[in-house]
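Next up is a structure, given as structure tokens.
Read from first to last, the chains carry the letters A, B, C and D; within each, the first residue is number 1.
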Amino acid sequence: MAAKLQGIFTPTLVALDERGDINESEQRRFVSWLIEHGVHGLYPNGSTGEFTRLTAEERRRIVKMTCEEARGRVPILAGAAEANVKETLGACEAYHGMGATAVAIVSPFYYRLAPDSVYAYFAEIARHSPIDITLYNIPMFASPIDVPTVRKLSELPRVIGIKDSSGDVAFMMRMIAAVRPNRPDFSFLTGWEAVLTPMLVVGCDGGTNASSNAVPEVTRKIYDLTRAGKIEEAMRWQYRITELFDAMLFPFEFPDGFRAAAEMRGFKFGRGRQPLTAPQHADKAALQSVLQCILADFGFVDAPAAGCAPRTSEPEQDKIEQLIFEVMSALEKRGAL
Amino acid sequence: MAAKLQGIFTPTLVALDERGDINESEQRRFVSWLIEHGVHGLYPNGSTGEFTRLTAEERRRIVKMTCEEARGRVPILAGAAEANVKETLGACEAYHGMGATAVAIVSPFYYRLAPDSVYAYFAEIARHSPIDITLYNIPMFASPIDVPTVRKLSELPRVIGIKDSSGDVAFMMRMIAAVRPNRPDFSFLTGWEAVLTPMLVVGCDGGTNASSNAVPEVTRKIYDLTRAGKIEEAMRWQYRITELFDAMLFPFEFPDGFRAAAEMRGFKFGRGRQPLTAPQHADKAALQSVLQCILADFGFVDAPAAGCAPRTSEPEQDKIEQLIFEVMSALEKRGAL
Amino acid sequence: MAAKLQGIFTPTLVALDERGDINESEQRRFVSWLIEHGVHGLYPNGSTGEFTRLTAEERRRIVKMTCEEARGRVPILAGAAEANVKETLGACEAYHGMGATAVAIVSPFYYRLAPDSVYAYFAEIARHSPIDITLYNIPMFASPIDVPTVRKLSELPRVIGIKDSSGDVAFMMRMIAAVRPNRPDFSFLTGWEAVLTPMLVVGCDGGTNASSNAVPEVTRKIYDLTRAGKIEEAMRWQYRITELFDAMLFPFEFPDGFRAAAEMRGFKFGRGRQPLTAPQHADKAALQSVLQCILADFGFVDAPAAGCAPRTSEPEQDKIEQLIFEVMSALEKRGAL
Amino acid sequence: MAAKLQGIFTPTLVALDERGDINESEQRRFVSWLIEHGVHGLYPNGSTGEFTRLTAEERRRIVKMTCEEARGRVPILAGAAEANVKETLGACEAYHGMGATAVAIVSPFYYRLAPDSVYAYFAEIARHSPIDITLYNIPMFASPIDVPTVRKLSELPRVIGIKDSSGDVAFMMRMIAAVRPNRPDFSFLTGWEAVLTPMLVVGCDGGTNASSNAVPEVTRKIYDLTRAGKIEEAMRWQYRITELFDAMLFPFEFPDGFRAAAEMRGFKFGRGRQPLTAPQHADKAALQSVLQCILADFGFVDAPAAGCAPRTSEPEQDKIEQLIFEVMSALEKRGAL
């Protein structure tokens, strides 16, 4: 039997070039950098990997280059959701052939399906897939997977875990209580790193956390400290990553904030596929200063030249404070104040 | 300038065969039947056409066969949403070449985008499309398009209308009030035939109504009566189509109820791409009897052999009543009662 | 049997004095003014009447003064919801004694009850009430009343109607389809005047419309025109009242916008019971100018001295336009431009 | 300065008699039992105390008898929300006079107010209250209190804490991050014991937990273990209380499940004020067996005579399993199997 999925899996961002095409060399460089910085596994074609904005062919290219670049150093959990069961099974076969460890399949989206239909969808795939399957529950974007459905699906041997991005700790506990007694090997991964330590405390096996694109060292440290029972120390880092997560998540369209932060670590993610209005471009520049300040506090980058305003733990407010701070600093430099 | 889009457009169902592949000959036969039964236009690749369950290539095939089969008899509004702006523009070009009248583009889905981003997405497409564009607002499935966004987008000449499936009559009025003064040619189509007459009364130009797959004559009649100012008579038909709409919509996963009803008109839609559990199959059989009863009242099909239970205007209740009715009838025939 | 409730019922605002106490003389003057301006009935202690912000004793005073002042000129539908069944029955008895025509009882709120519990609550009241009861469905504030529940409650003779503030035309049709065949005397009233004409077209008997506090003549006119089959003319007024409704509803906390507009008709509603922040006070002043412009177009009041900016049918946008317009006008007058 | 609120506060149930009136002697006996079983404080007139189903006078009686019976043994946090600011301030004064430690005030409900209005409401009360105030955030029932609003309100010295019943651990962290640096004395209490340990791990000071009405020993133990850093042992109890919480919460209307469980500890809570249908009565009996099984596992009561079915961690499923189990057991006893 395969080893249980555990630890921090990075739902990898996609590096594009300035025309919006996949930038393969940068993507490979990024994948290696993540592995070298301590993440336990990689999860291409997740929501962070903007799988819905790629073509079917691009999704395959992404998994292929990830598997090749990883060279067996870490397990690969490949996002395999396609337009329907048949196409998804085709992706399962392809990713199996590429050497992926398992696939992750998001619950059906666009249409909001009832629990029975969600079950039927996953069960049909699980009965024919040549590769292990992780369910992916993200109720803000896709049909919710409820506890009885997870329990019934856990009776199928190909289903080996669930990634849950609800951020609801009690819901995670309910799933663990319903499944673990009969399937101790079943893996529970949280996609909501704002509560990574609490999720690990209640029994999660790890996380697939977008923040690890920008600060893989920190998600790893939180995981290690919590696993070692150093809860108070873990919580100190947890509060800091929650601040960063909020700053990357709320003021931007997902996953632009995560792209912006990861770029500060030395990568070029290029022109995103969702166009921005001119005011959004301006706003993004202001928010990047706040991200830079947070990353500077971690010691990963230099602070902005103008310095950093005190932060308030409210991302939108921080943006305004930082803008004012930078304007005042510029005026001062020119002797205007 | 092109003629304003108006009247009833059928968001065409997709005929599949028993393996789940597109059944082209049946699809063509269905398209012609719809035209012959009075719909004003066709809308392939809508939600009813399960565009998200088709591959990109299949979506092109569907539009191609629809345009060919229509042979200019009615306008074609082709659903052109693809994974991103570039792919969507590719589809716009292709459908323009195939002779589509305009394209319909659903608001970005999966991610729920803010109004500014929805604007940026449509504006980018509108600036480069070779074919006129209809916005498609379906807030239960995709990022909502709000009134200020519609108004701003209506300033772009390529944007010629909106299809709205919210079913919110006041929202439709707000859009009309905001746009019509400056764009009298802008077309407002409702996708919610439960309120087709009220929508026409407040100023809609027509509808893209899934029910017209099953009863094109009735949607047409409601349109004609309302346009002619015969509101009371229109409302009598409206109440009947609302009952049918509810019976097709609520007890099934969309669009299975519409497929079931349209099959009774003599078409084979094949095996759907969303698998069903065994209990769902059984339930579907029970519900089909209710649909048959409703269609029999319209005179389009024969009633079930066992006859029809009185209906309650609550679809789930009607299913149970009809089941009991059929069982009692069977027992009676066998002399058991 | 009592006459069916029909026509426009005003959910009357509460006149307070500057200390926030009920201003009885102003309230009585307002009640008489409404009757003289054509409303068919009065509905004290509704959401517009801020019943939850009154004490139990104040709610009784309000009904008492309304009944006394009406002197039988119009029917009174008295809001009778209290803390529990026993207290609500006490109010029913009291209002019966005061001469109310019927009571309206909002679905249980705070806790969100399941349909069975909503049924149990109303059924218990209906079995013991000495006065006819109208159900009040307002799902944005209270436990929703669904179609099967309305149908079952309509079997109780004391339940004579429903006031629905969902604004959902299809839902209203579903209720009418489920209830009217067995209870032709059952009254359906809409609380959402943004769609008053469409609601009357589908078969509503009237409305309890907050806007009639400010423009009783217009709600009455829409009712009369629609009833007379003059739909197009009714719709012209409908679009105008929808604009006013939106301007009163969205930029203010409910029912402050309705209070602001009704004050322009010559009444003093005093200091509201929900305190405002200083920025909210400033904002309210700006919005009042827009309301004044809309009411001036109706001919009910004079336009602001500075004149009116063109309106956009987006209330928040209109506020900004009007502010700019007034500032420019002031600057011009001072020769600054 | 007063001591910081911390530990487990019981939002006390209300004992009624068979007519539905307050049963004062039972209520007093219950209050003393809770104190003797280790809860740190009492919170009368919370949601569990059905404050909205009591009259204003009854709410005062409840606080009076709680304060008298507690005799200073534990702090009393008295729910003081009334119809409006003036009435609420009246309750604040009364409860101050009765010896309450502080009051808890739920955010305005029925109307859903914007953050500015929520701020204005609490600020007005805080400026005039003679007693310290705890905010009460319960977004499923009342206007949500967001992080910036909590931060601004924490600048008012009378505001000493917040009780949050959202169950959202990340939200709790955001509040703590925003407020604690400037107000280390500010108390954060969770009302969602499904995640009591995780909430304490992230820094909460305690909880106001309905479950402590039924199992005060267990909530206390979880608190003590977590505070002592014995997280794994705390989590074992946490899983058990989450199972009990779910079984009390989901299959019943709130707070009937908590009443049912607390009754098994030897108290009579009488006839609830929300009437039940006959099927609801039957359903409740079945669910009580499941509760009895859970409480028997804790050792607080005897198991049902028929024994207990294995539980599945899905409350509705457990009810059915237990029903079948009891029926089979009865048949066996009669020799029918």
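As a convention for this text, a residue touches a chain if its C-beta (ideal position, glycine included) is under 8 Å from a C-beta of that chain, and two chains touch if they have at least 3 such contacts.
In this text, all values refer to a predicted model and were calculated from it rather than measured experimentally.
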{"item": "Third chains touching both chain D and chain C", "value": "none"}
{"item": "Steps needed, at fewest, to go from chain B to chain D via touching chains", "value": "2"}
{"item": "Interchain centroid distance [CA atoms averaged], chain A/chain B, Å", "value": "36"}
{"item": "Distance from the mean Cα position of chain C to that of chain A, given in whole angstrom", "value": "48"}
{"item": "Sequence positions of chain A contacting 2 or more other chains", "value": "none"}
{"item": "Chain C-facing residues of chain B, complex", "value": "147-148, 151, 167-170, 173-174, 177-178, 192, 194-195, 197-198, 201-203, 229, 231, 235, 238-239, 242-243, 246, 312-314, 317"}
{"item": "Chain C partner contacts - residues on chain D that touch it in the complex", "value": "20, 47, 52-56, 83-87, 108-114, 116-117, 119-121, 123-124, 140-142, 253-254, 273-277, 279-280"}
